[in-house]
Amino acid sequence: MLRPEINELLTETGPGTPMGELFRHYWLPALLAEELPEDDGAPVRVKILSERLIAFRDTSGRYGLMDEFCAHRGVSLWFARNEENGLRCPYHGWKYDVTGQCLEVPSEPEASNFCANVKLKSYPLVKVGDILWTYLGDPESQPPLPEYEFVHVPESQTYTSKRWQESNWLQALEGGIDSSHVSFLHSGQLNTDPLFKGSRGNDYNKGDLKPYFEVTDTPGGLFIGARRNAEEGHYYWRITPWVMPSFTMVPPRADHPVHGHIWVPIDDENCWVYTFDYHPVRPLSDDERSAMRAGHGVHSENIPGTYRPMANKDNDYLMDREAQKRNEHYSGVKGIAIQDASLQESMGPIVDRTKERLVATDTGIIKARQKLRKAVIALTDDGVVPPGVDPEHHRVRSVSVVLPHDVAFMEATAEDASVRPGVAQTTV
Amino acid sequence: MLRPEINELLTETGPGTPMGELFRHYWLPALLAEELPEDDGAPVRVKILSERLIAFRDTSGRYGLMDEFCAHRGVSLWFARNEENGLRCPYHGWKYDVTGQCLEVPSEPEASNFCANVKLKSYPLVKVGDILWTYLGDPESQPPLPEYEFVHVPESQTYTSKRWQESNWLQALEGGIDSSHVSFLHSGQLNTDPLFKGSRGNDYNKGDLKPYFEVTDTPGGLFIGARRNAEEGHYYWRITPWVMPSFTMVPPRADHPVHGHIWVPIDDENCWVYTFDYHPVRPLSDDERSAMRAGHGVHSENIPGTYRPMANKDNDYLMDREAQKRNEHYSGVKGIAIQDASLQESMGPIVDRTKERLVATDTGIIKARQKLRKAVIALTDDGVVPPGVDPEHHRVRSVSVVLPHDVAFMEATAEDASVRPGVAQTTV
Amino acid sequence: MLRPEINELLTETGPGTPMGELFRHYWLPALLAEELPEDDGAPVRVKILSERLIAFRDTSGRYGLMDEFCAHRGVSLWFARNEENGLRCPYHGWKYDVTGQCLEVPSEPEASNFCANVKLKSYPLVKVGDILWTYLGDPESQPPLPEYEFVHVPESQTYTSKRWQESNWLQALEGGIDSSHVSFLHSGQLNTDPLFKGSRGNDYNKGDLKPYFEVTDTPGGLFIGARRNAEEGHYYWRITPWVMPSFTMVPPRADHPVHGHIWVPIDDENCWVYTFDYHPVRPLSDDERSAMRAGHGVHSENIPGTYRPMANKDNDYLMDREAQKRNEHYSGVKGIAIQDASLQESMGPIVDRTKERLVATDTGIIKARQKLRKAVIALTDDGVVPPGVDPEHHRVRSVSVVLPHDVAFMEATAEDASVRPGVAQTTV
């Protein structure tokens, strides 16, 4: 249960808000690389942390992300012409390069050098993996680029999708670090989804509905360990890393690719869910890629040409009460991603955390909120760089493992929970 | 003409408002029984008096109505599994019975008895007739169940429908107790609608456009008498009972079934219109039922699978100017219910009563507002139980009758305006 | 760049606002005459300067424009019956004539003369040309009717259309007096649009992207002269008259009909764009009329039965990136009117003028704002009748002309810029 002011503190990320300032210390996904597929292609509207921006790729292949609106009279540059290394406003031909610098104001004498003083607010936009990342903070404090493993393995080993979620980012993140709901909400998928089935872990997941949580602080965030009963004398441990502010990984199953998410606030009532799958040591198979594209695993099937799921709020997520009855889909909603989205959106755009009633299995959520809050205060009061900014913090993995009762999971899995190039994930 | 603060007083019914408190003293229709047709069927979202609730019918056939959102982290229980005498939240399996009592929190040790202390706000939900009634007030003050005649005659003699109206409840009620507009708005229907035609009363209705109103206080509300000229030396009286807060009956015509409405606030800008037809002494014929289902009489034709009328605000109520010209439909809109809805919605979500200009034929409306206001004040200041709570007050009938000039309608119709089992309605 | 309070002053036109008072000194287009095509036809909802009104044409062909809502209980008179020289509310039959005077309240005794004291707010509605004009101000100050040339030439010589624009009126007007954007935004149309092509002026327009502006005060508004290089020793002048508050004309091309606009605030976030084409001395050809109806020139192709353009905000104006690449449509949007609308709407409902950065080619806009502001202050402080009210001010024309370098455009074109019956426009 949170006080209302803490709920606001953690959920509001627009310019000038404390959490907004925190988010402005990280590289964040702004688009999928596929959204800017070619030089001089169509510019794309981007809203992130409540700022309205325009993204484009110029003649030389450079990426730009800047204020959506022309400095002259405020026309949206979504209508701009992307030509000769710049975006040209179609109203009066003002032209900007990828840094937002105005290159040309046709009506002004060239000698006047008028446009030298015109520059749109702009942010860096850098391709790392399948994602175009941006950094909305003070250029002085710009950290090195992200080092998450999924964007650094060879292209053949990784796949990323995204979907629009109609809720605040935090309740989406809280779903991602909540290792207990899988035994309920996703139970119908464990043994049927092509990207989940065939793991011994699924049986442990379904066999023990009272996981015990151990949560450990890490330099970048948390390791959230969920312990369930396994064979005699053994526990099944699932370890979910959270790297601040919003990177998480789902513990692996069998030899399936490993997956995870990054939640990015669009504004206070909407977020993008970037969803990845990768295998540390082998290419994804054609079947795996097909399954991902079809919305299996933690991906979603989107309306063609958009990143909005087919099953969404406006159609009650295509609820199928018969499938619910048969327990084919535990909640009646199809697909792991949409199962999560439907429930998280059903809480309202920003869930009222003054009314919740948390239990032991919410330990990960409680600690994550505490860590976020502490980091916001340390940043606001003392300018302390928050956890997760240092790319060294990104080099984590999720783990699933069976250990004897008397083994401490953190010590036992310290190496497994780190990125080890050329070594497969630790999985059951 | 009302002062703005009185308009607010009478129209706002959310928790904590004076009129909301008044409404919370009555049994109110929450759903049609057909909306929960089977044990363990789909739960249904219910919004009433601005509260968001979930209704369901459990394995044993018991009805429940409770807070829509899980006590844990706020997921909508619309997604819940209805199984083994309870509603189970699909996120983490918390389970509630029809009283809102939490029965199970799977992650917690059973010995902890954790869930004993978890209880959702809940209200009784009771089937009487074709309606599931609820009572949102203090359990200490819960009155006996409704005794309106239409819910107590044998099932073969009664039919109930409902429709969503996009306006405040009060302007809808005011249409219901306004016996003068029938001569205009509904005049095209009087002799053609299968549930209206063939009554001598229709000719009186159309022949005298200056009805004289006599309104009499009753223990539960009002009797609103509208007098029109009939044959030499006689008056045609139509008597509309209003039982507080929002039950009314239309005076009967010939041997047609008698009809009426209950208006229930969804929130301050929407209401449900429950619409019934019944005959006190005979079954409804197949033709009558078909006509009701098709939206004749005071019923509406709804979009299949919903309770929204086909003809609605978004399609200008399928206005037909040619039918208006021909006087087939006086306003160009088809069907008595939609004729009312279209005009009442056109006033805006909450009509601004500071601008109105009432006349003698609005006497019923004026007295109803006064009675409501008086009851709210007596309740707020002195805790006086409002009229209409006592089920004895429900035992009223509408009447249509021709009387000699020198006969006082109230004395003459005292018996006719009461429920008399086995005796048909008094009608012309 | 404007201070926020000046932006509000110039953009808000509801009752009681200073700019709203200014607008209430002029005759304004309320509807096209084609919207009330026959006596006793369907009444039409009109919203203008944030007032909700109903327009109709009675049995005798008189036009009425009055409060949309019945004086009785607030029903929208859009549902009214238009019969026997009045609009009859279908709820209780109250009837009003074109002046808003209540003629009949059927429920009241005729002798009471009740309705003599019931009168809806109403405004004059007068057909001049293809437009029904209204005046929303003090009847004492009502000026003579408009004398714009396009509404006074023979019917065969003129054509008027209208479209809904989802933005404040001022940013639409500013597009209309901005003679510099044609060389960019509309450049694809100059030589292809049937109502534009074949003028030498098009080449000057495209050849000189640095027009020089000279703006001259006129009694009714401004003459905005845009000068571009022509042949050796000559300038090409385009002269755009603006008559307050929102009448403008586009300078002519070759012998094409001359066109212009009147922007009328619906509310602060929407406006009507009335668009006319006329030829001072000859009938429009069938081809010209067909082209206008098809949305060529400055007209738009609307959704049938409405005045909303087919290409609109909800479908991203049917953006065609390929056509943008080919420079067939400079911005990728088809049609001059929609090119303007798309960019002006993209600025947001009310553009934030505190962020703009104006240049020399915005001189016309700057002077227009100054003139509007001055007029508002003079009206508010001293009751000075604003420019453009006197119909003498309406008798202006746009001009396009090639002049030697040493000739002052205003002196040289003084006659050309005035209405001269029987004399063609001055055009290149």
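Order of writing sets the labels: A, B and C. Residues in every chain begin at 1.
Here is the rule we go by: contacts are C-beta pairs under 8 Å (C-beta built on N, C-alpha and C of every residue); 3 or more make two chains touch, one makes a residue touch a chain.
All values reported here derive from a predicted model rather than from experimental measurement.
Engineer: Do chain A and chain B, two copies of one chain sequence, contact each other through the same residue numbers, with over half in common, or through different ones?
Structural biologist: different
Engineer: Can you tell me the C-alpha superposition angle of chain A onto chain C, nearest 5°?
Structural biologist: The C-alpha superposition of chain A onto chain C needs 120 degrees.
Engineer: Approximately how many whole Å separate the CA-defined centres of chain A and chain B?
Structural biologist: 48
Engineer: Among the residues of chain B, which are close enough to touch at least two other chains?
Structural biologist: Chain B, residues with two or more chain partners: not present.
Engineer: Given the complex with chain C, which residues does chain B contribute to the contact?
Structural biologist: Per the touch definition, chain B meets chain C at residues 171, 174, 180-181, 183-185, 209-211, 319, 321, 324, 330-333, 339, 342-343, 346-348, 351-353, 355-362.
Engineer: Which chain C residues qualify as touching chain B in the complex?
Structural biologist: Per the touch definition, chain C meets chain B at residues 41-42, 69, 71-76, 78-79, 81, 90-93, 105-109, 114, 118.
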